[in-house]
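Naming follows writing order (A, B, C and D), and every chain is counted from residue 1.
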């Protein structure tokens, strides 16, 4: 089943086409990689899907529903979640306080229940806390639970951001350059982690990445972009062999 | 300080550590460059390449180590002072001023040059090196194509009459054809003006092809260095960066 | 009831405070002037708490808080005078109404202007503050009672320690529970990074509006108390300087720190009014020369406020 | 016909006020360009200009050209010092800290000067260096004050234009507005350019102060607040950071204000200006001439 379908998407910035007539789909349960040189429009594409930008043209469907003009805060409620290239954590909030709100957006208690501290309110709070703890434990941050996000190491911050994105219980997660600034060993661990979360949370993943060994390793299919356009889409094997991709991006044939 | 052949180093980076907040971006990095030499620094995204150039050009201050340019310690100079000493950087992503005309962009490059005749000579030189810019002097910088912007960025840097040019990912976002053209222009500049060049690249092929020596940066540390012609055949480099 | 049970400590502290103050008031150890100042400090704390919700917790900078304080004050003054209200029990609904009206105006003005950020929001709220001030200055053209630039006179004196303290304690408890709940957490997320808050599904526009409305309500209640404490209002009581007063209190007390705001209000009112007793009027003029310098120094020294606790 | 003449007359009066707003608005817009700061103290620099001129004329009876030169110089010095002392230490601080500091500087200047030992909080009459004469044309009357204001404003704008578009400092200033880091890589001293911007902006505000004093000969230490805010609104209306936008915005705001006073009531004058502000912020936040910027 196609979980996400993008049709003829277009976005201009001051006359420059950042995303130019892009169409693709993502199958449920697959890992969909997006590669391309800087400025190719990959992050813009994510911003369009996650509603931060509105496209000039084109349509986006999620599970058959048109989500093109949905305000960005609604997307996690549909089941789409994302991370950011330059990590946007709530720096002076604790690790726990970074995760909790992402769980609590789906709570249903209202302000009066909160003020009068009704039983159902306290149950919901407790439930959210337990779920946050589970997630934090899965990502190995339990000991840092009460530390502010900004005091974590780079790798921990990356994990926390991923944990926060998962806390909204997405079915589709958009991951923007998780391997930036990581060494080959860390990249390897990251690949394992992405595979693990995919299984555990039964996710569909769209991922932007520059690290060839990471993206080739984990992706089921890869879309190559350049100058806002799609060059080709195919399995890692097909991409590695494709003439246009080699010319525009890889520069040389990979193994 | 002398190198093996007994010449003076043009620039010597010695045991430099740079941190963003608490996170180290460079850890005890050392390198040198001779007069007229072109060296390259390659490494993955986030390895610290841009940080290295920003530190040399004064945008970032090291918490440890020093940088000598000729006989001068420059690690604590402001970026504009570093430019005055003769080190000019072409930043990643070119950073053309889109609202200034091409001519104004070039004039800005010569901001530190007081002498009008020198300025004029430099202007002529840049236009003869990059004839494409000549046709576009009155256009706004923002209207140029990516390749033209890279030329303008390099032309703008040359207007500062540098002794040492720092190029941050000149091939970024360019098509292979333009990448080749830019690299041959870089060669031309180095030979004709005898300018030393440090080039930082993700495109390891081009960098190794065109530089004499190469440093490999990983996770903020230099893990390997040597003549580019040797490194090209090094098994580890091939696996990690050339991917053949 | 859990509402009171879970704030036992705070209620005990407030009760002791009440007893102490009551003894001071009845015994005559506190002169009527001091009594007034003590009540005034609590009123200022109430309104500043409102600004701390808006700015300290949610990060929405407002230079127009005094306008909402003024709206509450004028509303209460008008109603109590016109209907001849003179006892606490008929005053409580008026008080609530004043809060609601200020909150409603905050809500309506907030819908458009909370789309703005940082300095543009500052200039828009400043603009709204100026508009309200102009309105008060010309209010006698609408109905003569309001007094325009001559000031509103003859407002019934209703505010007393019992009422102010009870309402204040009640509102502090409510505010603390709000902050503890998901809504408070959402506000803090918005202050940290609005885009990230959106990305995890927080309806930032609604949450900002909620914080702003609630903050304006508190300002309105404070204003109502103020009107019925002093029995005289003048448009100049609600200009930008008053907005800056509130701002300074929030900054001294620490952004997003309720207890800090309360302490800071008491210190601030004590400082300003205390100076008035001690110093001759010549030197009193120096106040607004010293205060800005103080403000600038705080900004350089501790931009997030003085009494602020940070996580590890 | 009479109506049209009356309207035309109001346009001229509006331009007189608008010219002063334009001169102040330029300072706001230039400083916003380089620091992304609403320099609240700018209106007070304008007030200082009027006061310096008042002293030079009434106490020293200086010739008018010297008054202009010395006033511009003093305002430039004040502008320079404000930036160096109050804003520069906060270069990396959160935006709002800088804004609060600017408000602090503004209050300090006003209340310091309002001390009886320094000046007075009261209004003082500004000594016009010449008598007002009106030149009556068949359908319009223009005063010599208006002529002087138009000429001096025009000269100031012309010099500013040369400064910004024809000198390397002007190019550097525009570059710094766009991207400080890259500008510094061109050898541009950022601190120097920021000082230069404050100096130019403050000088223009000084000129505005003198002209305002001549046109509306009542001065007061708080006189900078409203014209300051309105000029800022003018800068937003024209598109903050855009030089010609500030001039256009100033003239539009001036004309609007005079029109509201003439056709409605002077009571609503300030209100209408703020309604314009809200309208601009909500419907066209980049202003009339501003560029659209999109970034995440």
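As a convention for this text, contacts are C-beta pairs under 8 Å (C-beta built on N, C-alpha and C of every residue); 3 or more make two chains touch, one makes a residue touch a chain.
In this text the structure is predicted, and so the values were computed from the model without any measurement.
With steps allowed only between chains in touch, the distance from chain B over to chain C comes to 2. Each of A-C and B-D has its own count of C-beta contacts, and the greater count is at A-C.
Chain centres computed from CA atoms place C at the largest separation from chain B. Separating the CA-averaged centres of chain A and chain C is a span of 42 Å. Here the spacing of chain B and chain D, counted between their Cα centres, is 43 Å.
Centres computed as Cα averages put chain C at a distance of 33 Å from chain D. Shared interface positions of chain B, defined as residues touching 2 or more other chains, are absent. In chain D, the residues that touch at least two other chains are 291, 296. Shared interface positions of chain C, defined as residues touching 2 or more other chains, are 195.
By the touch criterion stated above, chain D contacts chain B in their complex at residues 168, 171-172, 174-175, 178-179, 181-190, 291. On the chain D side of its complex with chain C, the touching residues are 36-38, 86, 89-90, 93-101, 103-108, 110-112, 114-116, 229, 232-233, 236, 267, 270-271, 274, 277-278, 281-282, 285, 296. Across the complex, chain A meets chain C through its residues 50, 52, 71-77, 81-82, 84, 88-94, 97, 100-102, 104-107, 109, 111, 114-118, 121, 125, 128, 146-148, 151, 164-165, 167-168. Those residues of chain B that touch chain D in the complex are listed here as 57-59, 78-80, 83-84, 88-89, 91, 95, 97-100, 104, 107-109, 111-112, 156, 160. Put simply, chain B touches chain A in their complex at residues 21-23, 44-47, 93, 142, 146, 172-176, 202-203, 205, 218-219, 240, 242-244.
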